[in-house]
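Order as written gives the chain letters A, B, C, D, E and F; numbering starts at 1 within each chain.
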Amino acid sequence: MVNNYSGKDINIMTDKKQNVWDMACDRLDSVMDTLNLTPGLKKYIKEPRKSVEVAVTVKKDSGDIDIYKGWRVQHNMNRGPAKGGIRYHPDANLDEIKALALLMTLKCAVVGIPFGGAKGGVQVDPKKLSERELENLTRRYIFEIINIIGPERDIPAPDVGTNAQVMAWIMDTYSIDKGYAVPGVVTGKPIALGGSLGREEATGRGVVYSILSALKVHGIDSTNLSVSVQGFGNVGSNAAKILYGLGFSIVSISDVEGAIHKPSGLDPYKVLDHVIKTGTVAGYREADNLSREEIFALPCDIFIPAAL
Amino acid sequence: MVNNYSGKDINIMTDKKQNVWDMACDRLDSVMDTLNLTPGLKKYIKEPRKSVEVAVTVKKDSGDIDIYKGWRVQHNMNRGPAKGGIRYHPDANLDEIKALALLMTLKCAVVGIPFGGAKGGVQVDPKKLSERELENLTRRYIFEIINIIGPERDIPAPDVGTNAQVMAWIMDTYSIDKGYAVPGVVTGKPIALGGSLGREEATGRGVVYSILSALKVHGIDSTNLSVSVQGFGNVGSNAAKILYGLGFSIVSISDVEGAIHKPSGLDPYKVLDHVIKTGTVAGYREADNLSREEIFALPCDIFIPAAL
Amino acid sequence: MVNNYSGKDINIMTDKKQNVWDMACDRLDSVMDTLNLTPGLKKYIKEPRKSVEVAVTVKKDSGDIDIYKGWRVQHNMNRGPAKGGIRYHPDANLDEIKALALLMTLKCAVVGIPFGGAKGGVQVDPKKLSERELENLTRRYIFEIINIIGPERDIPAPDVGTNAQVMAWIMDTYSIDKGYAVPGVVTGKPIALGGSLGREEATGRGVVYSILSALKVHGIDSTNLSVSVQGFGNVGSNAAKILYGLGFSIVSISDVEGAIHKPSGLDPYKVLDHVIKTGTVAGYREADNLSREEIFALPCDIFIPAAL
Amino acid sequence: MVNNYSGKDINIMTDKKQNVWDMACDRLDSVMDTLNLTPGLKKYIKEPRKSVEVAVTVKKDSGDIDIYKGWRVQHNMNRGPAKGGIRYHPDANLDEIKALALLMTLKCAVVGIPFGGAKGGVQVDPKKLSERELENLTRRYIFEIINIIGPERDIPAPDVGTNAQVMAWIMDTYSIDKGYAVPGVVTGKPIALGGSLGREEATGRGVVYSILSALKVHGIDSTNLSVSVQGFGNVGSNAAKILYGLGFSIVSISDVEGAIHKPSGLDPYKVLDHVIKTGTVAGYREADNLSREEIFALPCDIFIPAAL
Amino acid sequence: MVNNYSGKDINIMTDKKQNVWDMACDRLDSVMDTLNLTPGLKKYIKEPRKSVEVAVTVKKDSGDIDIYKGWRVQHNMNRGPAKGGIRYHPDANLDEIKALALLMTLKCAVVGIPFGGAKGGVQVDPKKLSERELENLTRRYIFEIINIIGPERDIPAPDVGTNAQVMAWIMDTYSIDKGYAVPGVVTGKPIALGGSLGREEATGRGVVYSILSALKVHGIDSTNLSVSVQGFGNVGSNAAKILYGLGFSIVSISDVEGAIHKPSGLDPYKVLDHVIKTGTVAGYREADNLSREEIFALPCDIFIPAAL
Amino acid sequence: MVNNYSGKDINIMTDKKQNVWDMACDRLDSVMDTLNLTPGLKKYIKEPRKSVEVAVTVKKDSGDIDIYKGWRVQHNMNRGPAKGGIRYHPDANLDEIKALALLMTLKCAVVGIPFGGAKGGVQVDPKKLSERELENLTRRYIFEIINIIGPERDIPAPDVGTNAQVMAWIMDTYSIDKGYAVPGVVTGKPIALGGSLGREEATGRGVVYSILSALKVHGIDSTNLSVSVQGFGNVGSNAAKILYGLGFSIVSISDVEGAIHKPSGLDPYKVLDHVIKTGTVAGYREADNLSREEIFALPCDIFIPAAL
């Protein structure tokens, strides 16, 4: 099962009361209003170029068939092939995928890399499928969208509910279709299949770069700064390890089960050993144990919100 | 401008209070419940295999660009290439297109022809575009969906707001892409480009076949039966002409402007001459002139509801 | 499981002591010697144009992977697309497939249809795989040879160890790859997917046509002729039923378990009911019961050798 | 005619008593047994993914046609496009090609380059064909396998019986098919067509690198070491020249005709001049002349077995 | 060698003083002027859609290479795939090919078949090439234009200097490129490869149909009419044989060498036997022998100008 | 409108009395004669591999259609994809395009880059078309030649009468056809779409490099050298600016309207400001004003002939 969510995108699904697509458009509109763009150009920038919804047929282990809705939205490909993850989540829906695709276009443009924005997803709870069902789901989903993805068109990546194994299935399905190995069709694949080194800790490292840039902009000396980390998954734990290595003092860490606090500084590597054994930071002996909400009240110089 | 709507599909958009896709699914569900199908199979039959939404960029005569939403839904292609019209209408939306695609699957299966069901549309009022804009819109829309249509895949046809000219542009766009003429990519194209003879009066002729079948089933002698025709567009006028030729007595005809009534029988060819001159049946001298609602109260053996 | 072998090709594997390919070549050589063909032309007629061997990876239900050898041999395609079955048999091997492909070329040419000859197979005992494993095997095998088959290239059909269900998987796999339904890629598919009526009894009917032609050539009156049928599978049972309908008297039938004999004539429909219940003709009450070898000693006008 | 065999692969065909494919498998099995791999994985690693045998029709200068068997085996392409030579040899056969393709997979994996393993061959004696026949043979052979080779799929190279001219014909045939020059489809092509510098002496240079590595590993000082070279073709002569340049003393050289010996050291450039004139090292005046077997008995520090 | 010119197109190259393309345009212009077409439409009808000139490289038997100019002009493909012959002639040139392609468009449109017009040619004297050179020329020429021909695009046919053998080479070249036999790419191929029966005498039969139509239109009784045939190649001899069979009296026949005259009527089958033996009608014993020009002065009811 | 001609190729059309293709061939022949090439090889080097002429249909703003002749000549692609501009000029013709394509082959080969030579053009005066007409013309022209261009085949560039906007339309048309952005299909596109920095001044910079090389070869010190620039378009103005920056003294500049002269040196940036305001160098106050012919008589060390 795919249970190590990569969670590299900010999850903007939390507030169900507001449609995420409308929310993303509101923000974009306010920016475009400031720029005095013409109405046609505003629509051109906002509307996804292509949104595909497919019915993904899966034969369950029970022998029954089930159908899942899948999407791939290509928001904009003017600057190059589109980039964007594929998420497997029971609440995935077209509006959410469109909003995330739009953000991918903007993210790629802002950092100046020659890629456009896309996003995909399947409305499924991956924890409720066996590995065989998940493989069948992935392969069928990819076959349904196979003509619009590719190294020069649109390159998926892992996202919530998908991981390197799912990318390997995608690469294999695409390669079977072409008749030869096409590693360039996905990023985030296993290193043995051509994946990039350093990808796992990349999001956490990005958090660190943001912090260092902010400190530099504000002229703050980084010596002896204290850090609180909310969430200790892929992002939080890697950010903590890198900051620790740079000399920051990690004073508190929380996860779903609780929070730990040690004013003189925690060793995130040791905390991680504890997490691997117990599944949570809670109960870590070399620190005070608190409820997870209490982390917000602890003193620190830098607070990292890395919970899902 | 494209203003001779072919209107060959029943417009199920009239009651805005109920979503047409939900309505179509409700009906299908009640049939599938009766058949005791498994939940997976019911989903398989109901869910469209592929729904594509595209942003159609059009350079207006004013020099500005505008963006229109377009769709192509391929509901089911198991029995052969999908068939289904393309409609241009300001109220077109994804749920409506899905519902109409589902109905196309069922219609093709019921009459036993080796085709699946599809439907397409663009959210645009074709009367508000110049012919050049309409051509540009059509060509760009087709380029966005060109990889999923084709003689062996999915074959569009005219529908509300589109006509033989639009089909000619589609055929030309598709043929340019392939490098040679591909008349099989659309039906409803001009006869000079390979269109079928008899297509214009086909829907009206279908109405007549239905009437004749119903009479036969109920053992009713067709001699001297009187007919009322509500609506005198493509469907109503052709049905009237064919029935007239078969000896039926056309006693009343209505359109948006009014109704005419002649108990001894109208000659639909003469009425049509009047319509061509004046734009309406109202004011036809050789008959009584009534309001359009009054046609429902006139005595007749057969009533044809052929208004949009 | 696929256990209703279609068995439509004469199995020339019985004598393991002689390689079937050499045997087929010997016979062809003797014919070509008679025709005084040049050495180059003889090689051209004999050698298969293309023989492909692939490793078919299957994930077993146990989670392990296993590899099966598969082949597709295209002997000659000069006269049109190649035709030839796909067999699943534990003794399948390249030389056998080559020999059968050569025979397909000759068979198609002899009856004057515009097709060439091919043959395929996988070295596997289909009875030892679950249906899911068999489906996975079929789909992977087809993906490995997908670029050399197709309606204009090479059209598989059922053979020993494969059936209409396997053809349906092949058609689906090929259609997924193309993006639309391609029923022309296989023959012998289920009728609901576009299969031909009358295919199941076609081999048996061919036996009957051969008998009728032989009688005509020799000027034998067909009235009251008695028939012995060795083997009561697809071929034998259908031949018996058709001959019975034409007035022939079916006096004896055998299968693996035994033989039955009734000088006044058996009703093959009733014998088939017995076979469906018991799995064999042996024990049929309305006839004498013998050992299977004894059928060779029974008097008859026509003997049909239809055992595998 | 192609008579400057590149001979870069060790010819493992010498002992006809043992099938080379079985021999290669035996060795691989013993390694895999040590690694305790599962049976399925062992088969997966061993079995070639695809083996294609084609009949290559050639119109001879005499006007007759002749047919040659050709093969291309793609053993494994998981790590990237397959690499592997094409050999023209009268004893070429499927098992040999399979064995060499397996070795290519292992060789590419061992040195860590992103390529898989393949091999091809035609059962023909290239010395018995005119250049025109050889060109026709090459072009037809390539057309028969054109869909499975290519820069992203499988990239042939020269091998026994083929050379840069043959590669040029392959590149031209492939380029004609694509409609534009595709230099990436073969390696070992003429430098004027995009071939790599240094390729001719590459195998000899590899021998030298192996020697230098072995000396380093064993801590042996390379000063004044004496070298015997058995075989003075492409490999032996280039290794000798490079070692000579590095200060090694070449004390003896042999070829099919005989051996030469000079304890104070031979100048391989001068020996090569002699070979170009006479076709053999035998008879070289500035050294002792021996029979070719005697080279094994001469004293030396390093012995290079570079005979075919 | 290709020396049985099919000569089925009227050769409009005879008068070198006037460019054939200009001549064809002049005639078309005068028709279009009569029809009062707009200038744009006139250009659209007149200008070929695509004209391709290629350099055809041929390796001569001498080992030298030579280059020949080849063309394919696709005049109009609106009504369906283009049809048009390929001619090999030392005087072939782009303007001539364009003119003949234009005429093909008009011919196909006039007889109402769903084909457009094209024409091709190579500037070469086929009598000066060996068969091998001619085959190489044909294959290379076809490879250069292979992307614009095909059963749905443009279908060549024999013309001056080409014949069924050349069509077979074209079909083989195209089929090699596609990977399977494509008989629909040319007409005029050998019957054994799928060519049409009756094609050889088709042009002569067309002459006869024209004569019979003319007689019918003018109300002339065909009994006892006398016929003079100028030219006794494919067209003239077949027309003569068919008319002879219909009861016409063939009174005179001429060819390059001379003319024969027999007022009581010649038997064209016997004349043909004489031609096969001697290469000319001249010297035929059962008739008067004249110079070839004298045929114009002989009395006859019908004169058939069938000389090249 | 496209009126900033890039003019980067030497216009060899000036002398209408001699056909440019013949002229280019004459020069090439004299070189090849010197090299003693065989007749076949000379033809091979001279003849363009493929010349395509297409009819480009454009719907004018008036609603009428008009047809323009367009060409693309691929002279030689042996060394890699062809490079060559597309020119829009009322005098464009096939012979000129062929000659320029031949020169492109030679230019690419001389500087040793892996590209072949091509050239394209449309016989149209771009100043007489509206921007919409020019866009339609460009898109249709590209669709007619779309199968022979591409990043691996033939890569157009701006030339006389075309500019970055035309290249953007070409890139968009090609990308629509492929379904994803293909910036590699043209050079000279806008920088925002992936165009190269420094392209605009590249031709002028090349002039400067030539001057500096010549000075170096002749051992001339560049200090205080005076420069006359005939023509002040893209080439002349950029050369002047770069030389000015290197310390050369620009003493005179001319254009179509006149010439200016200032022995102490002109500031080309200031002259350019004047040109932007007035459209000509004539009337520039800080210099003597002369007729354009007088520039030939003014004293200078370096004369740059940069007029069209």
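The rule is short, and it goes like this: a residue touches a chain if its C-beta (ideal position, glycine included) is under 8 Å from a C-beta of that chain, and two chains touch if they have at least 3 such contacts.
It should be emphasised that the depicted structure is a prediction, and the values quoted were computed from it without experimental measurement.
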Copies subunit B and subunit C touch via same or different residues, half shared test: different
Message: By residue number, over half of the contact pairs should agree; on that basis which option among C-D, D-E or B-E is the same interface as A-B?
response: C-D
- prompt: For the chain pairs A-C and A-F, which is connected through the larger number of C-beta pairs in contact?
  reply: A-F
- request: With chain centres taken as the means of their Cα atoms, state the distance from subunit A to subunit D in Å.
  value: 49
- prompt: Hey, how far is the Cα centre of subunit E from the one of subunit F, in Å?
  reply: 45
Query: Which residue numbers or ranges of subunit D touch two or more of the other chains?
result: 147-148, 179
- prompt: When you check every pair of chains, which ones turn out to touch?
  reply: A-B, A-C, A-D, A-F, B-C, B-E, B-F, C-D, C-E, D-E, D-F, E-F
Message: Considering only the defined contacts, which subunit A positions touch subunit B in the complex?
response: 38-41, 43-44, 47-55, 57, 60, 64-67, 69, 144, 147-148
- request: Within their complex, state which residues of subunit B touch subunit F.
  value: 59, 132, 143, 147, 176-177, 179
Task: Sort out for me which residues of subunit C touch subunit B in the complex.
output: 179-183, 193-194
- prompt: What residues on subunit A touch subunit F, complex-wise?
  reply: 77-81, 114, 116, 148, 150, 152-154
